[in-house]
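In the two assemblies presented below, chain A is common to both, partnered first by chain B and then by chain C.
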Partner chain A sequence: MSALRFAWDEARGVARLLADTAQALLRARPPAAVVWAQAFDVGNRSVFFILVTLGFLGAILNFQTGFQAQRIFGDTSLIGAATLPILVRQLGPTLVGLMVAIRVGTGIAAEIGSMVVTEQVDALRMCGAGPVDYLVKPRVLAGLIAVPALWVIGTGAAWMAGLWVTHLAFQTNPATYVNLDLTRGADVAEGLFKAVVFGILIPVIAAHSGLQARGGSEGVGRATTQAVVSASLAVIVLDLLIGAVAFGLRGGAGA
Partner chain B sequence: MSDAVARLGAGAIALAETVGALALFTTRVARAALRPRLDRFETWRMLYRVGVESLPIVATTAIFAGAIAVVQTGANVVKFRAYEVVGWAFGFSVFREIGPLLVGLMFSGRVGANNAAQLSTMQVTEQVDALRALAIDPIEYLVLPRVLSMVLMMTTLAVIGNAFAMVGGIATSWAMLGVDPWVFWNSFTEYVTLTDFANGVIKAAAFGLAISLVSCHFGLAVRGGALGVGRAVNSSVVASAISIFVLDYFITWILK
Partner chain C sequence: MIEFEDIHKAFGAQKVLDGVSLTVSQGRIVYIIGKSGAGKSVLVKHLVGLVRQDSGRIRFEGEDITHFTERDFFGLRRRCAMVFQHSTLFDSMTLVENVALPIRRHLGATQREALEQAREKLALVDMAALSDRLPAEVGDGLRKRVAIARALTLTPRYMVFDEPTTGLDPVNAVRVDRLIRDLSDRTGVTSVVVSHDLRSIFGVADRIVMLYQGRVLLDGTPAEFRTSHDPVVRQFVTGAVEGPMAL
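Right, the complex of A and B next:
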């Protein structure tokens, strides 16, 4: 049960860092230039990665769905309408969250971790600049800005890839594919909410792992691995919880 | 303008270099695998570390993957009163797609990242050079056991993960949608075929191979101290994620 114990300690540490960050944000806002530089790091540098991965995801999703629809209903005209809501509210935010955990989470943990083991964070402390104020705060704000944007871009890429693959595999007319009938405002709200939560939480988890790095390059490696595992797991767990709450809020009726 | 073009070109060259280096690395590993001289001790150790130590995270991920699949199909199930197809929808989506995909991404984060970190630490502390000085081929001694154990264990973990996903799926559809576990089970066994199962397992094996090759490559190709180790882990998980999605697409396409 050491794994459970570890997960509990990790969750508590992350919660404390989140509270510290919120408190620090209330005290003073970080300079806008720093936040935008971080948002560029989180967002723009991940765009290509998100486009590739989510593009393939959209292609796979529509291909699998179309294949099933063809086998069972013999009709593939509703693929686009059926896959879009699930893309918007679940696969889009979750996979974007996982990709950000992978791309950005490791980056943040590696950067902060190597600052810790080379004692740069201690030097910061000596100058009266705490790591929360100086390192964590701007990254959390950057995540809050960049991840919802990446959610829009990633979901759009997956949707477009789906258009292409259904046209290729099932000769679906692009005009038939572009069908928003089954997508509700509630789906968009659920997706956006998830993206915002992931945007705040992934930098906090990664920074927490980075700040715990101990001992040379081995420690940095361990912190980086820890960051990607914890952040990915947090995304998956929260995806389930938020999805279940949203299902309950809709009254379970699916309308 | 010329700046943007230059940056685009630099990116393209970097991408081509990475793909080329990976291909060269793969051929070297393949050549070493033709006349395998596996270090038995190292192989056992890797099998244990890769398989047993990532089991908790894979089991957790699989339970959640099964639960998420049920939650997300829940709306349509309730709307169309299609309670007797929950098992089918679950089995098809989880066994074929969501299971291998999420387990693969977690495996890449847990095992692949760990492996890249370990190999790159050995590289920057010149332990790999020390191996070479002792006339031990790092590909044979370090890489082959890792590739073998990651492929074997990823395949095994996908099968075990499917079982855990069943638990998550059955529990969630019972608690949230009020679907009797027996109804779930019957619809599952009636519609989900061995092909769906095999499809996912084949994908998992391919993901394991890709993750092992990518993480070993980026681990051994590291430059510079502690920061380099972090960067190696970062590149390894990013490249693993891209190869997982690309492979997933093509395997789906080929196997149908």
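Right, the complex of A and C next:
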């Protein structure tokens, strides 16, 4: 029961911070240079991690799909066409979201948490710069730019790794593998929408955890762990919810 | 004038302030003292809205600020600045950018105007030559000096100092003491100072308020404090290990 209560309080706190951030964005935009620097930081910190992780997972997905296809149909020519929509709308945004939550969410929570416990956030407020304006807003805009870009890079890496592994394992012709016929605009829209949502929410959740830090370094550690757990859970739950809504909007699997 | 009336504050089950009332007159220097964890910093942070009371009332220059919002406190923080226990300079900004921040945010100055003014403020504390350094590149004492310069940029009428001499060498500590005294004597700034430093307390304070177990134990002049027969006050003044003051 206490875990449910905690989750509810956490969700309310994140929702409040999200609303405050939206209001702050409507009042004034942060300097473009600050946002680009943050976006570059988010992208730079995650891109290698995402290339490696998504690359391996794309290879595994395509290998296993090809293995089953060969057993059942004796034909692997449609592997690329079949796995691309899954990567675009489902695995790409979700895995990128999880990687960003781990790699960037922890950094945001630790940085803001350290500022809280060393009273730098209080000092910011005394200087007339609220933490939402000064710390959260640029990071949310940075996430909004970087996560969709990472989704494109990660999905591309996964699919290309699949091309390589299916060619090696099943001698699938690369020209046959690169087949966009089964990928619809709706798949791209769903994947992009998820990437945008995760790009906004991960920094907000991480910043919320950082702002809740109390005590010393132990409190910063707790905030960092909390950030990665909450952001990862949010990515998984929202992935399912958005996927279900998109499925309904498309009118089922056939559309 | 600042008035705290029956302030109560708890963090979870831990009661920190249990009905604290005190008044700070214009232009005076009041030291808040007490053992570590007595709630001194928590009390003074109420004044600038960094901590909100569970119950009680606070008046600032006659205005009831008890239910001020964060936006209401924005204006108050122009009139009442705070120097924190740690220098709290922002690591990613140079010293001059740190001092320029409140000028930009509170006065709406452009970056160039704010930096110009900030350089002038740093020159006043002999820090002009180091203005483009990052906080990590200078020592604790210098960081504290910059933090004080930052707090004074808006020429506030009220100052809150949270352990301003902690971690400073004796020479820099005396400089800070003199600054607090000068601000009061020359410009009529009202200061509320949290400190454990007896040399500073007896050298600068107009009045001393001692907190103990969440309440005001003693509120008087330095002379009254020195001659108090209260065993807790005596233990604090003498620094005796044995006594009624628990750990």
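Convention: the second predicted complex is superposed on the first by the 254 of 255 C-alpha atoms of A that agree within 3 Å, B and C clash if a C-alpha of one lies under 4 Å from a C-alpha of the other, contacts with A are read in each partner's own complex, and residues count from 1 in each chain.
Simple rule for what comes next: contacts are C-beta pairs under 8 Å (C-beta built on N, C-alpha and C of every residue); 3 or more make two chains touch, one makes a residue touch a chain.
It should be emphasised that the depicted structure is a prediction, and the values quoted were computed from it without experimental measurement.
Once chain A of one complex is fitted onto chain A of the other, the partner contacts of A:A129 are limited to chain C, with no touch recorded for chain B. With both structures placed on the common chain, the touch criterion links A:H167 to neither chain B nor chain C. Using the contact criterion defined above for the overlaid structures, shared-chain residue A:T118 touches chain B and also reaches chain C.
Applying the stated contact rule after C-alpha superposition, one finds that A:A110 touches chain B and leaves chain C untouched. When the two complexes are overlaid on their common chain A, residue A:F247 makes contact with chain B while staying clear of chain C. Set against each other, chain B and chain C touch different numbers of residues in chain A, with B touching more. By the touch criterion defined above, A:I86 reaches chain B but does not reach chain C.
Judged by the document's definition of touching, chain A residues 118 lie at the interface with chain B and also at the interface with chain C.
Touching chain A in their complex are the following residues of chain B: 11, 56-57, 60-61, 64-65, 67-68, 71-72, 74-79, 92-93, 96-97, 102, 105-106, 108-110, 113-114, 116-118, 120-121, 124-125, 176-177, 225-231, 233-234, 237-238, 241-242, 245-246, 248-249, 252-253, 256. Those residues of chain A lying in contact with chain C across their complex are 118-120, 122-130. The part of chain A that touches chain B in the complex is made up of residues 3, 48-49, 52-53, 56-57, 59-61, 63-64, 67-68, 86, 89-90, 94, 98-99, 101-103, 106-107, 109-111, 113-114, 117-118, 216-222, 224-225, 228-229, 232-233, 236-237, 239-240, 243-244, 247, 250, 252-255. If you check the complex, the residues on chain C that touch chain A are 45, 48-50, 70, 73-74, 77-78, 81-82, 84-86, 88-90, 101-102, 105-106, 147, 150-151.
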